[in-house]
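First chain A sits with chain B, and in the next complex the same chain sits with chain C.
After this line comes the complex of A and B, so read on.
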């Protein structure tokens, strides 16, 4: 039993890393563009299908297919900004929310029309690594390592480059950012491209773990949303911490009880947080 | 250098500026005084490109700027120190300065300018790693002025830089304005503290309810009996 809990804890940490990466893009888009990207999980699904398509229909080797999937999703991110978000920048909140929510329906049905409702996947056998009595799937370890590395690179990008500085300035005070010489349109496009590329990257990490179907993204939209709100919307560090909390709580509960109980507990935790601290873990009251 | 002609600005149906015209020559310090809500901040925001005039034209350094976006106006040489400073609270002091040099022309000179800025504002050098949100009101105002210098402007616009500051700090801010003047910058200063502002001004405008009601030199302002009683408290 003790080994099982240690293993669950370890898996929770590994899951937390991937969830942190998943939530990062959604959080960044909200923080910078002040838009809730309702179809974020669906973009992960789309990224997964792209990789699957490039690999199986165009016979591109797996790693290049993943890279192409990431680029394709970055482009989809840019298109989302240009075609959907830009025209609605000054629209009422509800309109923005509905437009992006309807994107869920568009993307899911598009996937169904193109690839059908079947479960699709790329069969890969990745070894299980053993440390004493503890077993870890290498696919999880790889996803975790990749996620942490990516988050580190994103941190450096945001803190060490002029573009990163521009992104942070726009997130904090849009008018002042314009007044110091930043073109917010460029920053928005860059942000959505980054967010899009991240959905592609998360999809690449999911390839050895899951199979994909048109409704694959829904649970990830919810998960990312819960993490972002739990941590404090727009607060990147808050999102990072809450991803690990949610990851560990769900993994450990799943071992002690069941996967359903784990989801219930995670969402109960979320509701509790909203009652006690509506602004989230590290969010500031507004 | 700056030539504003018959500028009209509206917020919806409300007219904030009514046919405002003003001029600033190279190296000149011009002040705009007037009561709260007269449209002084709107004027600066319009000149900065954050508001678009419905009528009228703004010409700066040989080019029309009234239809430019704010980020293009900065590149063209006008930088704004808004009311309260509006530093980026979650960025460090150093990052606030760096972001001031965001436009392409200024960026390449940022490294050579930072030491000069720190010489001018030693307190900012001491606090460069601190979050700007943790600075005192006076320090924030200095950071905002320093940030605007990082943009390599020809004209600096200051919106009520002494607002809410302790009298001693207000004196310091006006000393900085004096320093900027000696460095050769053109300055457009908006102030409620008309007494102090008139001392540094080469030329002054009075705005009431969005309209220009008086203009002249500091002496003209001092001599005008209406301004004397309403604004100078004499």
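After this line comes the complex of A and C, so read on.
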């Protein structure tokens, strides 16, 4: 039992890394464009399908197929901005939310029409690493390492480059950003492209772990939501910390009880947080 | 102003007459089924709009639908309790959940987006609960009502009975909407929506009014869920609890226009018929394609008719009438 809990704890930390990457894109989009991307998990699902498609139908080798999947998702992100978010920038919050929610219907059924309802996956055998009595799947370790590396690069991009500065400026104060000559529309497109590429990247990390089906994304959308709000909407560091909290809590509870109980507990944590500290773990009151 | 009022009154009387006569004129069972679904969802969407039009947008009405649908059905299947009583039990539970949820949310001052997100999470909890209790509820496979066909068990041979039940419920919901409009509740809630601090400084009990409208909305929604379960005789977390049905209810109300009393009805009529039409026109050869078209249509309507269909149209008519009366 003790071993199991230690293993769950370890898996929770590894899962937390990937969840942090997943939540990062949602958080960035919220922070910059001020929109809640309801179909974010569904985009991960779409990215997974793209990689699968390039790999199995065009017989592209796996790594280039993943790269192509990431590019394709970045393009999808740009299209989302141009076709859906741009016309709704000044619409009521609720309409933005529902427009992106109806995108869920479109994306899920598109996947069903094109690839069918079967579970699809790319068979890969990744070794299992053993430390004494504790086993770790190397696919999890790889995803964790990749996620942390990507987050580091994103941190550098946002803090050390000119474009990153522009993105942060728009997130902080739209009017001032406009006043110093930043075109927010360009920044929005860039943000959605980054967010889209991140969904493709998360999908690439998921390839050795999961198989994909049209409703694959739903649970990840909700998980990303919970993490982002728990950490403070638009607060990137808060999202990073809460990803690990949620990852550990869910994987330990799943071992001790059931997967549903784990999700219910994560949602209960989220609801409790909203009541007591609606600005989230690290958010500041506005 | 008078002209506008007269048109509205005559229009609504005509609509009511049409709705009452409809099942006798159109004898097709299939169409009657569609009309029943339209009325049922209009009723639920109207109940949802009770809260939403005062700025409390709930994305979690699936909870109340689910409680209203599952309680009478399970009580009947396992204990043989007649749904006439089971519905009451479901109502009590739904109202209790609404009181708990509403009071905590409003006590902690959750507004706007935050309220929407919390209710969304609650909706997900409801479908997860149904899954977790799969030994009792059947989990994601759903649950079927034991058929007896007896009136004492709220089962009727003639499906038109359900049509009229739904119609009566909808009329009740419209009547309550009107009553709210003429009562101090509307003034209080409008004031609260404008500014909670200003309203409470004038002595309006913010939490009490918000909880009151939440209880009303939840109770009616649970009633809608109960009638749905009795009529369709099959429930699953996908169709009656959880996130997707909660969003579906919002879509209907918003599309029709949630600030006008008949908006939710118009929205439900359009969405239910659109879904059916696309499903029939495309058949099962393209499973999912109908839903894609449906989703794209929704997207276009949300982008181009942000005030809802009835909202946009009645605004236009009102403006034109104003111009006529001024001249």
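By our rule, the second predicted complex is superposed on the first by the 286 of 286 C-alpha atoms of A that agree within 3 Å, B and C clash if a C-alpha of one lies under 4 Å from a C-alpha of the other, contacts with A are read in each partner's own complex, and residues count from 1 in each chain.
One rule holds in what follows: contacts are C-beta pairs under 8 Å (C-beta built on N, C-alpha and C of every residue); 3 or more make two chains touch, one makes a residue touch a chain.
Since the model is a prediction, treat every value here as computed from it, not as a measurement.
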Which of chain B and chain C A:4 touches, first, second, both or neither: neither
First (chain B), second (chain C), both or neither touched by A:138: neither
Touched partner set for A:183, first chain B, second chain C, both or neither: first
Chain B versus chain C as contact partner of A:162, first or second or both or neither: first
Contacts of A:173 with chain B and chain C, given as first, second, both or neither: first
First, second, both or neither for A:56, with chain B first and chain C second: neither
Chain C partner contacts - residues on chain A that touch it in the complex: 36, 84, 87-88, 91-95, 97-99, 101-106, 108-110, 112-113, 117, 214, 218, 222, 225-226, 229, 258, 260-261, 263-264, 267-268, 270-271, 274-276, 278
Residue ranges of chain A in contact with chain B within the complex: 162, 165-166, 168-169, 172-173, 175-183
In the complex, chain B residues that touch chain A: 48-50, 69-71, 74-75, 79-80, 82, 86, 88-91, 95, 98-100, 102-103, 106-107, 147, 151
Chain C residues within the chain A interface of the complex: 57, 104-105, 108-110, 112-114, 116-118, 120-122, 124-125, 128-129, 131-132, 243, 247, 250-251, 254, 286-289, 291-292, 294-296, 298-299, 302-303, 306
